[in-house]
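Chain naming follows the written order as A, B, C and D, and within any one chain the residues start at number 1.
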């Protein structure tokens, strides 16, 4: 950590600050310049609250050198984490496609999609039971009943299921769910993260629309600090000024997160653009960039598609995407 | 609502869509052009899910003309709402300053700050008991004990209190709290919003870091749809590319929100910039722009300020800001 | 074009507006609703200034349905454009890698890099002679002398050269340059664009840091309206709130631009992230997403790399990237 | 300047870097930690190219402590600069309103508006002769003829005139213009900035849509480094994700720029929101925040307003705004 002091700091103020810092068990090196004095803090600075130091009148700015996340940090855990999702592995070279409908609607719908995406190579089934919607007047999901329908499809197909939680209240309903998803809007619902830290289930943690990669890792750290280290990170597009696409997929998150952390990184190209015809190129790009998995929305019946979002593929389109994704992964791995 | 169709839509597809729309009880006007066909939908379109229509293969784009919020909409409620916070009114010409410490730390701290800010003209006391922190290793607030300390200060000073809720689980602890704050990170925690819709307490709803004004109003709508119409909107800075300030205060939110909605709008200049010396100019600007209130962080002891953020004022600085805010409001009202 | 009118518009105001619109040779369809009246304009609306209509007191909002670009629009030019860069083709299935140093420094440097990148499969040579730098105190490039050195390397290697122009004043110096680059900061330097419209040279037009895809196409339109249709579009990262990477590469620009326009699209992964170790994954992703080319910075001597930016690859690293890029393109094309 | 080194740096690499840095005449202090080594550089670091150091393999990150601008820096020039615009002073307590039409259209139009805004308290006349338009098909301004019309109005009213330059080619046309405006899209047209540095005219430099305050000051530095210190900074809204307003006015730029620099700061509320009815609240807010001036668009005839943008006020509305702006300034100054 580097602390830059204002020039008008008195020697007494300086001594007080250094004394306090040394009590926190960090070493302090001083560089005095004409316009600034710089303090270099070395040692374990994770527990030092930067806001607290920035609040001091004599301090101009504070900059962390070490990242403030510890459990999620690759520096302290150099090997890739491999997350076991009821038998399906993800991370450390294991690649998985999670596919399924935006919203769970009926037993027939879920089962048909599950069967088809499994045949195309998907290894996990996704489906929305609790749906976060911007408007209170939009369809909010089948909720508990939706989870039941997913569990039926799991029984039939053997695919582990992934579905979103919106409140810690609902945790008992997720007992047989294989992977619990935290959506973008709840990425900093810290009370929910703490509760999930007390479970042992894999958590698929989506990046918030306006959250930095550091904040995503700090939210993972909330869950890990509670004891649950089974985290899958997911990039699903961030909010920018561009309006042709709903969000802007930040694919550099893949190599960047994998450099900073040992956790696996999955890309959701469906939510990222909000446009079905962009899912294919973005899925291929994600595979080429080294993602550990993909999460793709698939709907079953384009003729009666009134209830499907503009970002879903048909099973046939999904089959085509999956084939190419696997081919790209094979090409890359043969060159390694 | 305007629906733009692709040129390749067949007459049969067009008829199907129009038939379905008419079942939803909206009138459809058709304009056929060389490259596009435009459907103008008139009537009550609030309940129509735009995602659903955008998902159709023959649809190029959908644009709402009427805003999708109803209870919060000024069109259906032309007069300003006045929110009664245990006797302190806000909105419709009633202006209130909410002041207090970032975090509640001790009885002495809260009481001293409360007494001083009241003397300077603040009418409500704020204080963080549950603190949303990016890092699990940072101070998380005194939680239940913090609320107790605020209630003590309320008893002593008679000031209504405002404090943040982070989970619907904690609602019983807020029984004697006068105004419940929903923080920026929970603005789209829809399950929490629904629970708050079942209470009758005033809710101070903060805009999320990357949320549009429309989304803020839709979140207000979630609470109002549940029956609680006591909402105070709060702008506290949005996330942009600028780095000198922590966030960018969007002051045009004041006139814009007041045009779109009848709900009162409060500005939080402390969180917006994250820099104490910007609080004064931004508070004055907010008053000049027509805000219905201000929310300002004040700490008590700069000598031992190690636990205060870089965005808090001293009581003396607050007194100076308040004096000027009241003077600007007086000047403007005399010219009306 | 759709014009939404306010409810308070009088019949006379409405008639005036419709009369004026019909003089502009567009057909007007009217849909009257309870709260709004919607005008659907069909015909050639390209020349209608939306600002002008939005300025009318009776108008609530205006939305274009047809895109305001014509020459760049795929609707009016369905086949891919192929741009011939002194023999090297780009677009319509032709893929090209443009590689070379950030700044031209010496004859030896340029020639060594050119020879090496050509051997690895690059087909054009890039190099900065005029350098746009945020600070007036940073190195501004060798300017005219830099172009001379590039021309030397072109003579030796036969590679067409690409270099950036910063002022129309300098056009005479670019007489033997094969492709003129317009940098992100000059994307809306409209006077420069008009001058380039009077030349016949291929223009590599980079997207501005905060420009939408529509604005990029409108800037292409400026050049094309002047008679020069040889435009190559280039995405090089946009400005967002994320700070780990210098910019955020918006890869969805590739399929989106190719849907909207017939012009070829090139990706610059070096400037997008500003980090050399992200160039490889982002270059592979761009190839997988269907880009028509790549623009990559390569420096020659890591031992004396003091003058190279943090975003350049060594020739060896470039060779590895190029090999994988070609392999991915082959894999994808075999599946088509 | 602080340089953070990677742990794997060898002693030899470290010695080489330190040797090179000392040749640049800066003092180097070393702090060695378990995971990082930090170099604190003190002395005149303005001329050190951070990109150059960041490019070194052993360097993890570089952070400037001193700002890289010198002429524009308040640290080296503590008193406010006062810019003399042909007799009208701005800065250092001198406040000026610049008003006039978006585009110059006719002698009668300019003269009528000039006369009226002068009567309401405006001290300078603005008007667009060269108009930067996103589309090549939109009205590009009267160009040279527009400047003539402004000069006519100046002769009649005695008001200094402000108008935008789009290319250094046009400088001869600006000989009798009092203040040359550089628009947002040309803020980083460095060749133009260099040319303006060779003149002695006051330059009104607008912040780019996606430019940081630091970049704005670096662009001012370009002009100042050439010898012209007559710069007026102008904030006119930045690009964010919000869509109700055209841009987001960043009013905190006023106190922030005035802290960093001695140059005067003017606010353009017309372009910031793009909505006439937001001009009044934002102009009042700017005055309250301490701006040194305002730049406001005024049109003359709302009945035939087809050529005016949605962001212009009528002279009557402008009169009302000006009256309140002066009242707020009086109220604040009486409390100082």
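Definition applied: a contact is a pair of C-beta atoms (placed from the backbone, for glycine too) under 8 Å apart; a residue touches a chain by one contact, two chains touch by 3 or more.
Bear in mind that the values here come from a model prediction, so they are computed numbers and not experimental data.
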Copies subunit A and subunit B touch via same or different residues, half shared test: same
Pair sharing more residue contacts (C-beta pairs) when A-C is set against B-C: A-C
Most distant chain from subunit D by Cα centroid: A
Averaged-CA centre spacing for the pair subunit C and subunit B, given as whole angstrom: 39
Subunit A and subunit B, separation of their C-alpha mean positions in angstrom: 27
Centroid spacing, where centroids are CA-atom means, of subunit A and subunit C in whole angstrom: 31
Residues within subunit A bordering two or more other chains: 210, 239-241, 243
Residue numbers on subunit D that touch subunit A, as the complex places them: 2, 4, 27, 29-36, 38, 40, 42-43, 60-61, 63, 65-66, 75, 210, 239-241, 243
Sites on subunit B touched by subunit D in the complex: 210, 212-214, 238, 240-245, 248-252, 254-256, 259-260, 272-273, 277-278, 281-282, 284-290, 323-324, 327-328, 330-332, 335
Contacting residues of subunit C [partner subunit D, same complex]: 20, 46-47, 49, 51-52, 54-57, 68-69, 132-139, 166-169, 185-186, 188-192, 194, 208-210, 215, 218, 221-222, 225, 239, 302, 305-312
